[in-house]
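I am attaching a structure below and will ask some questions about it afterwards.
Letters A, B, C, D, E and F mark the chains as written, and numbering starts fresh at 1 in each.
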């Protein structure tokens, strides 16, 4: 227990979490601080590419393992099914309309890559490895939840014609993650030696600045839309990642993943999308209120996962796997 | 003396100063070279965050020292009072109107972070340390000069309502410097190990590209507004930093700072703002001519400090402190 | 021969070439992936500055060598004369109009810096050095081809008044390359020690992301303008770099360059401009179709050089010089 | 050289970036000969303020599409535009302006 | 679907970025239902040329604010705008355009 | 404070970035008192689609130049503009708008 608290404390005082807190505080205090859009996007591209590469390199040295096929299938199912639970909870706990609840549910089935990156960074600082191909699982988990959300919202056929399927399946994060994963896998540890100076050494520092930006965005969202978040919704934003995380952890454990792998799958299941799904919802469910789904995912669930959730998932994974 | 000349020469031929010279020459020759705005802002955010972190880490290991409270107070007073001297000199030396002289004076009370960064980089290459908390002093010196400038300009009450006090007090540089300082202090040297690959190793290289950009901007300003700079004004742009620098150095010496600390406080006092104060003046004193205050701060005083001033302040600090 | 194949295979599976392939595939599949303009420009500025610096540092340690004057003259002649060959070939092989053929020819006389960078990166991974001052030759080769192209197009005097000569001679790449070259030369290896953490270690990683972007742009161009590229034109896009490359290699050999230097001069002669010349053609030859010259240079010749050409030029250079 | 001018409708559409692709398709099908997309940095509306700064995704940003179109083609274009914008939060404003080279609109 | 259109004033304001916050406050108080802010890259005026390129601060940049407003609210909005712009170097241009969904302006 | 307004021509020019310098020179010589340059992110025309994203050079991008000019100076300005745009692929649209502070246009 005291070890758990030490772990939690170490995480809370890490430069990564503190950078997020700085951004959040600055935005809430209406400080005149902002990160250029191009810089935010550049950091996001860098992080996706680097994490994809790392996964591929690991696979090149460890081999794929037999669980990859079941792992990918499990990721798909988690993404497609978690929205059902989320939707049921939302209808119970919050007064959200059907379409708003469906939109929010879609976010929780999908994933947040930066939460994944933060978790992998925490694992690394404890020297805990995880299966490299979980990067591919993360990519697979991006989109299925969108389908479930649309089904839940009972969308009419007329508008569904407008849904940009290709863009969802080939969105930037998916392509970057899988592409970099393949590059890492093909080039292997040898080929990577020369590009480590860019993709490994500065990784955590870039993550700090990126989390500063996430804090600014989350704080701006909270300032603009806090009034939309009734207590029931806020509770959902904290309860849901713990439920999703637990489901993900049990799945990972059933799949026989390593301790680190279990924690990562838990984190993926627990995290809520704030890039791919919101953009899809804007087009597919324009009647849903973006103030609700964006603020909940980025202003409540993301900080919860960063500050507390990831540590919890890791502790649960350790306890289950004895790792 | 020959050592002093060697020092000056080494500074003048450093990649940092040469990069600025390249930018300046390119702009004066109307070369088709420009740095994207988002890249310039990204570099500026990086430098502020990195210098803040470094200060915090030093404080975490050295402790705060007893002088910090007096140091902060001294910084505040330097910023608030130097504009009075600058204003008097301007009215004597240049034919500037009251409002233009007040606006220019405000710039010289406040500080230029990149001059601070260049000075810290010069000190580092000589292995000279300075008090980490001077980062906080730098943050404190940003804004008070603006108040003095407005008082000097005798602004009417009607317009002062429009002055964005919150934005000045919580402007981006102040928040980043102090925030990163706190993060560095809390996380300490241990927590920083992992992010050094981003905030330490590439620091000087980023500074080179940033100074290239500053050279381009300074050259563009000189090309557009050189006709506004009469000889008296140009003399002021060189004399004032030497006076301000001397005052800062004497203050640092009286406070009992280290040699490096004295040189840094001198540099802060000598430097002129080119981000925070110009933006405030545009709103608070729209009648003042930006062509004058921007060009003087960025086109005359900044290059002087970079090429000659910082070396002078360091030599004076050494001589005074016997360091 | 088997060594040659191994070389080719190693190049094809390097992260650099794979990153380009990823971008190309993503763009052809209409994936929703894009790099912000400011990020692309920032990477380009970084690469130019770094490669210029490296050249200068090498010259500072090796000395200039006696061939530099003839080298610069040879570069100038290659740039000015290669368009004549290209123009003749185009009129023979493709049905292009006079003005389109002239515009395309201009691109092949000038150079592509990223091809140069990719070649230098390949050489480095084989531990093959090259003359640092070839960076200056690259800068000299940017513009002369434009003159030849205009002469070939038979431009009337009226419009030539609009041609931005200053911008061509002082365009961003030329200024950055030569400026950084001078800085590296003046500061030398000592002065550079401190900025290596930024300009050397992350170099290849940045090149990966830059090539990802080039792949995206090339793919977008191919998608939009593939219908403009008749078979004759595509053959030209592959034949011409091999001819130009051979001429460059023979020139380098005649000049007595090292193996690496011969390969680099071959690469420069083989490469086709996609930044400086297209911009000049838009103004100077607005009647020429940008869809043709941009797509040919970026969609055919650049990938050919990256995947196959550079390796060929290196093998030819080795065979000729016995290196 | 005084060039002959013609009236064209100037159609200005402000729309969420995620819906831009749908709008573009609609415009291109409706027979416009060209349009230009301008970035918007931020704004204010019934749903509060927004800003592009620091955003990684596109869900929170809007763009302006500017389309000059010959009067005889304007109705078809506007109908196509309204059909898309009707489902989204966008704004459409139409005015008249004078252009040269009539064949390009 | 031919939608009913209404006249709205199209107000376009070019102003220094540092004064944007003051202008936004004035607009919001004057009762506009929305506005959009467009970046300007550079320009030329009595005070010479400027460009956004390479700038770290905002003192040297301008933005364009576009505001579509119903005719009955336009005078109040314009008065609020002029009060701010009067002290700054900005430019204001007003024209008419046709919009749908009248309740949004 | 109701300010007196005057009519000004609102000239909007869409042109390839490489030709911007030529256009600026022409505008400045023709006697305009000011203009602003707005970025365009991408577009569509007879020559297909283009986008600024990922571009390193400027050959593939366009910008919009907005110029408010007093009616008596408008013809000279337009003539200068047409001379440049005529050789390029740009688009010019002219309309009327109301401005204050007549001396600035």
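Remarks
Keep this in mind: contacts are C-beta pairs under 8 Å (C-beta built on N, C-alpha and C of every residue); 3 or more make two chains touch, one makes a residue touch a chain.
Keep in mind that this is a model prediction, so the values were computed, not measured.
The minimal number of chain-to-chain contact steps leading from subunit B to subunit D is 2. Among the pairs A-C and E-F, the greater number of C-beta contacts is found at A-C. As for how the two copies subunit A and subunit B face one another, under half of their interface residue numbers coincide. Of all chains, the one whose Cα centroid sits at the greatest distance from that of subunit B is D. Across the assembly, the mean Cα position most removed from that of subunit C is the one of E. Computed centre separation for the pair subunit C/subunit E is 45 angstrom, with centres defined by C-alpha atoms. We define each chain's centre as the mean of its Cα atoms; on that basis subunit A and subunit D are separated by 34 Å. With each centre defined as the average position of its C-alpha atoms, the distance from subunit D to subunit F rounds to 18 Å. Subunit D has residues 38-39, 95 in contact with two or more other chains. Shared interface positions of subunit A, i.e. residues touching 2 or more other chains, are given as 34-39, 41-42, 164, 167, 201-202. Working note: touching chain pairs come out as A-B, A-C, A-D, B-C, B-E, C-F, D-E, D-F, E-F.
Partner subunit E is touched in their complex by these residues of subunit B: 34-37, 40-41, 44, 159, 162, 164, 167, 213, 216-217, 220, 224-225, 274-276, 278-283, 286, 289-291, 294. Listing the residues of subunit C that touch subunit A in their complex gives 13-15, 18-19, 22, 25-26, 29-39, 42, 125, 200-206, 208-209, 212.
Those residues of subunit D lying in contact with subunit F across their complex are 1-3, 5, 8, 10, 24, 27-28, 32-39, 63, 66, 68, 95-100, 104. By the touch rule above, subunit E contacts subunit F in their complex via residues 12, 14, 38-46, 62, 64, 75, 79, 82-83, 86, 91-95.
Put simply, subunit B touches subunit A in their complex at residues 36-39, 41-42, 45-46, 49, 53, 166-167, 170-172, 175-176, 179-180, 182-183, 186-187, 191-192, 194-199, 201-202.
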